[in-house]
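In what comes next, chain A is part of two complexes: it sits with chain B in the first one and with chain C in the second one.
Let's look at the complex of A and B:
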């Protein structure tokens, strides 16, 4: 077995420790996460929300906590404030239909068993538009002419026959645009001219791209990676997979730093002298 | 129901362990799980493509007609001609249209939001020194990065200085993205581990440890 494989195996053992014995490391909540939470719970009565789940299976593992908590909050607000949700995916950069599978998985595994769909009616409170491949062109179509982009919903029903969609035609008809993805620029390019608040559930690697947009006010709020997902779970009162994984995440970061620092220290002190 | 959950748990943990077994060495279990996951996902993607073609194009075409639906259907068929060697050239036309539209849609947003939106700003924010410094850095880095990609004239004087600042901005950005990407990747094993250390997944973990131990023992005996 080579050294790199041994390091990966060691990392897996370290990551497994918190799942056997919970460490309970406290999670401080960042201002960005508080703004994200506020952007959702501050939605006005009867408004419409567009959510685009542009994540694939790999990113799902990282940011599922944020996505699930967001949906739980939105579905709760559907009952409390009669808000409406249009939920879809453009496939993101891969163009694949992972997002559609994940949307149905969220409904079947988290929202329905949790009672979030009780009392709500499909077509009046929320609509699934399914997979709308094309990424950036589809993102533009969603805020310019949604009826032309998606002539039918996820189940093949013409959207002109869906009551909720009769009052929704472009980005101006939404009070909030939201998405989950690895990317930021593409969404800002197509949505920022709508002058509608935008929130995003992002991978940790996308945070450095989100910061300039956030500073300029294009992005109202964002979640960055698994840590922020754990924060929103805590803030929303819906503990889930991200909070449970945070101990492992922190241990993993410590292990990664050790793996980076120790060999470099060895090289600087002993290895260089020996010519290794 | 309980039996189904146990079966699903065993199946999921088995597949995770089969994939991770490549960390020990290349083996048939890894190959099986790799082909199974790729095959099932490809199958689902083909199903979704056909379903979308039917629901989003053919149904509206039959129900409402319209030249745009006919046009995209024809373009779609033209793309499929890529599979016929003699008519492959025809597939380039819809591809060119797709590329052109995507480029146009992207560039329109890039100009208004990315270029003008990021550089047109109130640089000095009264009462907030850090925001003012951040804005100045942002403006210089944005211009520097654009200048770095100007290849139509030799980089000399102020253009060269700006270009070097742009290169620095790119290096800082790529380094940050790489670091956060690596840290974010930790979420992947973290997402799978609970399946392996809880009931019934730990049964499969135990089986995997035994199998590896047997293989290590057998390999050492063969060497001896």
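Let's look at the complex of A and C:
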């Protein structure tokens, strides 16, 4: 028990170091993150983008940086290239409306205060479809018959009355499909037949599932975990929560290696002989 | 035996609906696809009834503890109050509901998640001893992945380090993951066949 408490205390001290002294370790940009960035900034003028925020509050901690940077890039492109965004959530595997709450949080805490909504008109430049529970069923509905799946938007307005939605009916009407989640296969199952580029902001645990899809070209690009989120923040020019947390991330990971290596060195050299 | 208690009817319904969805997926018959789409949306509706059932169970359980002053009854009272206030706020006063979710639910969820990290460190300390070659391999690969996930790995060992971990990720790891998924998928197919034939009854309350 005492050793456990020592480890807890040590970890708290290690994670507190960046509050006292910023390490500022440079973050190299991975090829996957560069492709992700390119997939967004290379969007053609006037195109439509579908984004599904299927993250819950726990995943938010890990990949919020990627999600926020992505939205900032997309909202900037709305002004520069008149692209349009349809933004929603299916609740993912939990089916809970966390994604809807986080969408509004992103708008209220990051996009509106940052001036990203200035000059844009809801219903013409972007639309929020709210919480569409059903995960894979809803993912399929989004690319087959979006009007049937979501008769109204997040605020109860019939989507047939929303100017932007008049020209959007299925996956073929989008130039990019994007999502944030713990998962990959479920999205590929429902979207890959649309032949539209797909990008994803993923948990680090989902990267091993994303790799085969990425290698075969089904996933155009992805962000894998907090480090990749810090990379996209740096690449997009919108430093945010992921970059701010990188020092603590790095120190936390080094602490994990120390906790793995030191006890084993002790055990191999002294402890084994003593039978501990 | 009452018709409603007979197991044959739920088993037959399970088989008919399951095979309809399966056949629609592989046959591409438009009429069946429409029926299949409707059937797939039913679980969402059923889940709503499950929520009502869950609420009834939750309220009943905690109300009994509070009314009989059983052990830990103040916690049950707190749970009931939190439930009633949040529910009422959701219907009556939206700003309070948003405040509760944003400042209490989100914050507590994140705190609990981060708390798990501390236990992971004690797990590393207690559960990993290099007693065999396999454990040694596991630990070495784990350390490589931990360092790979942050920029220090490449800084310490050079760009070749990233290439090695990328290869492990893309081939042995992804291969293992896919094999696992295929095994699970085959298991689900077998479970479905057993369900259709009436051997598997756990989904209808049997053993």
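The rule is simple: the second predicted complex is superposed on the first by the 271 of 276 C-alpha atoms of A that agree within 3 Å, B and C clash if a C-alpha of one lies under 4 Å from a C-alpha of the other, contacts with A are read in each partner's own complex, and residues count from 1 in each chain.
Please note the rule applied: contacts are C-beta pairs under 8 Å (C-beta built on N, C-alpha and C of every residue); 3 or more make two chains touch, one makes a residue touch a chain.
Model, not experiment: these values are computed from the prediction.
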(request) Have a look at where A:190 lands relative to chain B and chain C in the superposition and call it first, second, both or neither. (result) first
(message) With both complexes overlaid on chain A, does A:61 touch chain B (first), chain C (second), both or neither?
(response) both
(message) In the overlaid three-chain picture, which partner chain does A:264 touch, first (chain B) or second (chain C), both, or neither?
(response) second
(request) Please indicate which partner A:29 is in contact with in the superposed arrangement: first for chain B, second for chain C, both, or neither. (result) neither
(message) Quick one: is A:216 in contact with chain B, with chain C, with both, or with neither? Answer first, second, both or neither.
(response) first
(request) Pick one for A:244: touches chain B only (first), chain C only (second), both, or neither. (result) first
(request) Applying the touch criterion given at the start, work out whether A:105 contacts chain B, chain C, both or neither, answering first, second, both or neither. (result) second
(message) A:254 in the overlay: touching chain B, chain C, both, or neither? Say first, second, both or neither.
(response) second
(request) Using the touch definition from the top, say if A:130 reaches chain B (first), chain C (second), both or neither. (result) first
(request) Identify the overlap between the chain B-contacting and the chain C-contacting residues of chain A. (result) 8, 11, 58, 61, 101, 133, 137, 140, 185, 204, 207-209, 212, 215, 225, 249, 252-253, 256
(request) State the interface residues of chain A toward chain C in the complex, per the touch definition above. (result) 3-4, 7-8, 11, 25-28, 56-58, 60-61, 95, 101, 105, 133-134, 137, 140, 185, 204, 207-209, 211-212, 215, 225, 227, 246, 249-250, 252-257, 259-261, 263-264, 267-268
(request) State the interface residues of chain B toward chain A in the complex, per the touch definition above. (result) 20, 23-25, 44-45, 48, 52, 54-56, 59-60, 63-64, 68, 101-102, 105-106, 108-110, 112-114, 117-118, 121, 131, 134-135, 138, 173, 176-177, 180-184, 186-194, 196-198
(request) In the complex, go through chain A and note every residue touching chain B. (result) 1, 5, 8-9, 11-12, 15-16, 19-20, 58, 61-62, 64, 96-97, 100-101, 130-133, 136-137, 140, 148, 150-152, 156, 158, 185-186, 188-190, 192-193, 203-205, 207-209, 212, 215-216, 218, 225-226, 241, 244-245, 248-249, 252-253, 256
(message) Taking the touch rule as given, give the residues of chain C at its contact with chain A in the complex, in rising order.
(response) 37, 40-41, 43-44, 47, 101-102, 105-106, 109-110, 113-114, 117-118, 120-122, 124-125, 128-130, 139, 142-143, 146-147, 149-152, 154-155, 169-170, 173-174, 177-178, 181
